[in-house]
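Should a chain be cited, it is by its letter among A, B and C, assigned in written order, with residues numbered from 1 in that chain.
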Amino acid sequence: MSDGLVSAAGAERAATRARWTPPWRGPLLLLGIAGYLVLTYVLANDTLYVQGLVLVAAVFGILAVSLDLVAGVAGLYSLGHAGLFAIGAYGTTILHNDHGWNLFLLLPASMLGVGVVGLVLGSLSLRVSGLYFAITTFIFTLVVTVLASDLAITGGYGGLIGPIFPEFPSSLEWLGASLIWCCMLALLVAILLSLGIRRSPLYAVLLAIRDAEPFAAAAGARTSLLKVGLFGLSAAMAGAAGWIFAFQGIVSPSQFDWTVSVNILVMVILGGINTTLGPVIGAAFITTFPAHVSINPFWQEVLFGAIFVAMVIVYPPGFMGFVHAVFRRAVELVRRGSPDEAARGAASPPVALTAAPRNGSPQEAAPAFAVDCRAVSFAYTKGALVLRDVDFRVRRASIHGLIGPNGSGKTTLVDLIAGRLRPLAGTIELEGHRLEGTGPPARARHGLMRTFQAPVLVRELTTAQNVGIGLYTRAPHVVARAPVWQTLPGARRDGRELRRTAVRSLSFVGAGGWTKRRVADVPHGVQQLTQLAAACAPEPSAVILDEPLAGLAPSEVEHTGELLRALRDAGVTVILIEHQPRFVFELCDEVTVLDAGEVVASGPAAEVREDRRVREVYLGQ
Amino acid sequence: MLQVLLSGLASGAIYGLVGMGFAIAFYVTRVINFAQGQLLMVGVMVAAAIARTGAGWVLTVAGGIGAAALMGAVTYLVAVRPVLAFDRSSFAWLVSTLGVALILQNLAAIIWGPTSRPFPALLNDRAVHIGGATLTLQEVAAIVVALFLAASFELVRRKTLFGKVGMAVAYDPEMASAIGANTGLIAVIAFAVAGMFAGVAGVLIGPITYANPYLGNTYGIAGFVALMIGGTARPVAAMAGGLLLGVLEETAKSVIDTQASDWFPFVVVLVILLLAPQGLFAEAGRLRELGRFRRRPGEAAS
Amino acid sequence: MSANGEHALEIASLRAGYGRYDVVRDLDLFVEEGEAVALLGPNGAGKTTVLRSIMGLVKHRRGSIRVMGEEIVRMRAHRIGRGLAAMVPEGRRLFLDQSVEDNLLLGALHLRRDSDRVRRLLDSVYALFPALSELRARPSAALSGGQQQMVAIGRMLMSDPKVLLLDEPSLGLAPLAIDGVAAALEELRRQGRSLLLVEQRVDLALRVCDRVYVLSSGQVALEERAADVHAEQRSLISAYLG
């Protein structure tokens, strides 16, 4: 089944559909906020008992949202949030009680202070992977708790008495308890922040960092900075939660021990990890559970434990995950009869790439070779050279093939050019800039994009969203604007433009009919095309394609050939690793042949093809 | 001085046993069983209950160890296997094993009450004098048993076919199943063995701490710290980690003050995590390096 | 064909994949008893998926896979590895923290009760690879690529399987080592073993095998007898070289 091709008309229809966002989104949000404010009013005027529950639920709601940002979105599982929370609460109490700091000043102070601690903790995640990071944060919480129990300044096991939150002035007394308004509004801000990030292009990039880090790095994202920064933001939110919590009366070590950290994680998982409302629902459920189920406290814990086990086994995506899945199913059923499938048509010339070369500037100033590697050597482990003194020069605006048997070092050479590996010896120049010491993001910013041998994409996002990740370097100020994305009209406009560009790029490669499908649900060939679209979307000056034809049907192969020619004619330099020699020799201007880490032949395609040594290498003649 | 060392080794032996329990389960399944500490508690409580029926010490000890081993296997089947079946890389077992820990702890409190119950003295009423130091026979037994179990485990792991199959499953579970190893069964056995280690620790510590449903928390953390010190490359390293932890704790207690044993272990762990995240005794990165560039299935080298 | 008329390996209408879409689509192929068959084709065509499906390592597989007449498509991986089929996977995947002989003995795991048979199998592996008997106690991590490949093939043979599966055994090996692999495979063929070989190097495949399948996009695109390929080398070469 040839699924990849789309007619020009179908591409336009796809682009139009991408422009359309449900018209009810904006008003729905406002309605939600209004309803939330009404609820706050009701709760702020309710009994003290209810208010107490609300406070705790809201505080843990903020904590759960903050944890979901790092764990659900970026994949950094932290068991340290109770510790961060504790620092906020204790810091607020001590600085107010003992040093007379202004209560309202303490909010930004707490966020800043805990945020900085978060940055430090987050930077540990760069040295230490997934599980070990979780363990390190777990130890962090233990240390904080022990310090809180043993130091005099923190009041030891008994803890400290927290500050009192000022009431409303008499004119606003009708609103009810000021503390309730405070914590509910803080929770609302946290939710909107989370929503903002999810609606911005940064979301896709963060998911890529979680699932497909090489892809994110190759697209130009400084993954380390983003991870650490996000953790700092999450910590700041925990600090705010700590500030609020101080007002409920007592701040003692037992309220912040490691079980609390795990409870927050449970809230996130139960409510639905990586969703906006899931963590809040989970937090509300778990904190108010004892109130609803008034039984023997031991049986209550047993029930808790049983719920943890059952939820994780029965439905890991959690409550909101379930809701989303149902919603997605419904949408799918509705879309069954859509023109999506019918957009497949006969082969047609690709939609023209509206790109000028990135440096539309004079060719005279630019070097003749877009990529220039000299005397490059590399070994993964000591003593086993994978590449030996390799010279590799690629002429600008040409298609240059790189072929050789498996194990000859082709992907390694490409990884070196793309910055994923550092050479043992030799130099690598990109557009005349020496780059062998830099990483992938620097290469992307110099106009080099690449694809991977096995498609490295975010499976739960659509193909269009994945291509959007490739546009990261073209999106202005994504990170700074992300948390408030939907409130800035400029941002929304940029987002729409990004989506349009992504869809156009997908149409260009012939996958225009698949823009709304999740990568997990598309065939291998379409995943390849998505990778290609992501590499071409930011109008690069050079692209490296690692086996772009793997898994493609013959018609798709032809189409890809036309694409590459179109790219070259638009001034883009194309480096191509492929296993189908016929395709390579027909398409490429120049070819380099590698075998066992050394260059066997290099030059114009026709010459290399007739080279006796090349035939030896491939057929052992 | 000698007293500090020996007392430290005695408590360290227990930490090491719990730590090895964590390590064995993790080694085979890459899962940290949050209920490991509670398995120790199960050992103590069941043994105490059996002792109350008047049965001899053999039945008491065997019953406690057996119950802990059984609970270990049950934990795997109920809280870990379904999670891994759904998604091999999921962290959700953090939540489900914690759920099991909560259930075990509170069920114990419900069945036997939340306060300490008596535990037969076993060997605790006899004192032993070594050099200038004094230990109870129970403490000496703890050190001896712990070292014996650790050595036996390592011997079985390296020298018997069963152990080698375990190593294979730990190293490359897919290839292990390709040569005919039933990885599911081996995982259950690993958890049962981990439970057994916890149960042994339980009956060794019972005479000293009595039977209390909340033992799991303290010893769970200590055992976990032992695992961190020893690293995850070889389960036996957790025993070394536990002994070291015990001695450091006793030293801190005598040199600084009695409260120091609270925070000193964590400082140690923090230092270790910052300097050597894989633990002090990890295999010098060789295997890590070799594994790092293993391609994903289906992706050919070029 | 074996005595009862069954192929050593018979695959019919196999569909297999890792997600919602299949990598292998409606595949038919067979290996006669005592035959060596090659599976060629570009990357992404599904060759490795076919081998992994036979070994039971691919969760989503449908259709029919029969080894000596026994249907194994629904069997658990560890049952298949107990004498029905055995594999040398891509990248060898030895248990690098164990010695050469340990790796070999693990291959015979399901035969552990019959120590004589294990002894005989071990001797036959050392006969096939005399260099290995010097290296018995060596930790397998210390071996070169070519030596590790010998151990991997030995481990496969130790389970005395009905069908031998090899996934790109020449990958990353020096020419001399590749020669050694080819010689060993030829010897196995002479001994009457049934082989399914996935390869990128056409020369190796044609040297060792009787028949060749070329896979493309998850389906069989071409089936030729190796002898015919030699005679009409041009057509296969042009498919590959143009």
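Odds and ends about this structure:
We adopt the following convention: a residue touches a chain if its C-beta (ideal position, glycine included) is under 8 Å from a C-beta of that chain, and two chains touch if they have at least 3 such contacts.
The shown structure was predicted, so the numbers you read here are calculated from the model rather than taken from an experiment.
Taken as a graph of touching chains, this assembly is fully connected, with contact between every pair of chains.
For the pairs A-C and A-B, the larger set of C-beta contacts lies at A-B. For the pair chain A and chain C, the distance between mean C-alpha positions equals 39 Å. Per-chain Cα centroids separate chain A from chain B by 37 Å.
Each of residues 406-407, 453, 547 in chain A touches at least two other chains.
Chain contacts: chain B has residues 290, 298, 300-301 touching two or more partner chains. Residues of chain C in contact with two or more other chains: 43, 168, 171-172, 200.
The touching residues of chain B, when paired with chain C in their complex, are 161, 164-165, 167-168, 171-172, 174-175, 177-183, 286-287, 290, 294-295, 297-298, 300-301. Note for the complex: chain C touches chain A at residues 19-21, 23, 42-45, 168, 171-174, 200-204, 216-217, 237-242.
Of all the residues in chain A, the ones that touch chain B in their complex are 77, 124, 127-128, 130-132, 134-136, 139-140, 142-143, 146-147, 149-150, 262, 265-266, 269, 296, 298-299, 301-302, 304-309, 311-313, 316, 380-381, 404, 406-412, 453-454, 546-547, 577. The residues of chain A lying in touch with chain C in their complex are 405-407, 453, 459, 520-525, 528, 547, 549-554, 579-583, 585-586, 596, 609, 615, 618-621. If you check the complex, the residues on chain B that touch chain A are 30, 32, 34, 78-79, 82-83, 86-87, 90-96, 98-103, 105-107, 109-110, 114, 221, 228, 259, 262-263, 266-267, 269-270, 273-274, 277-278, 289-290, 293, 296, 298-302.
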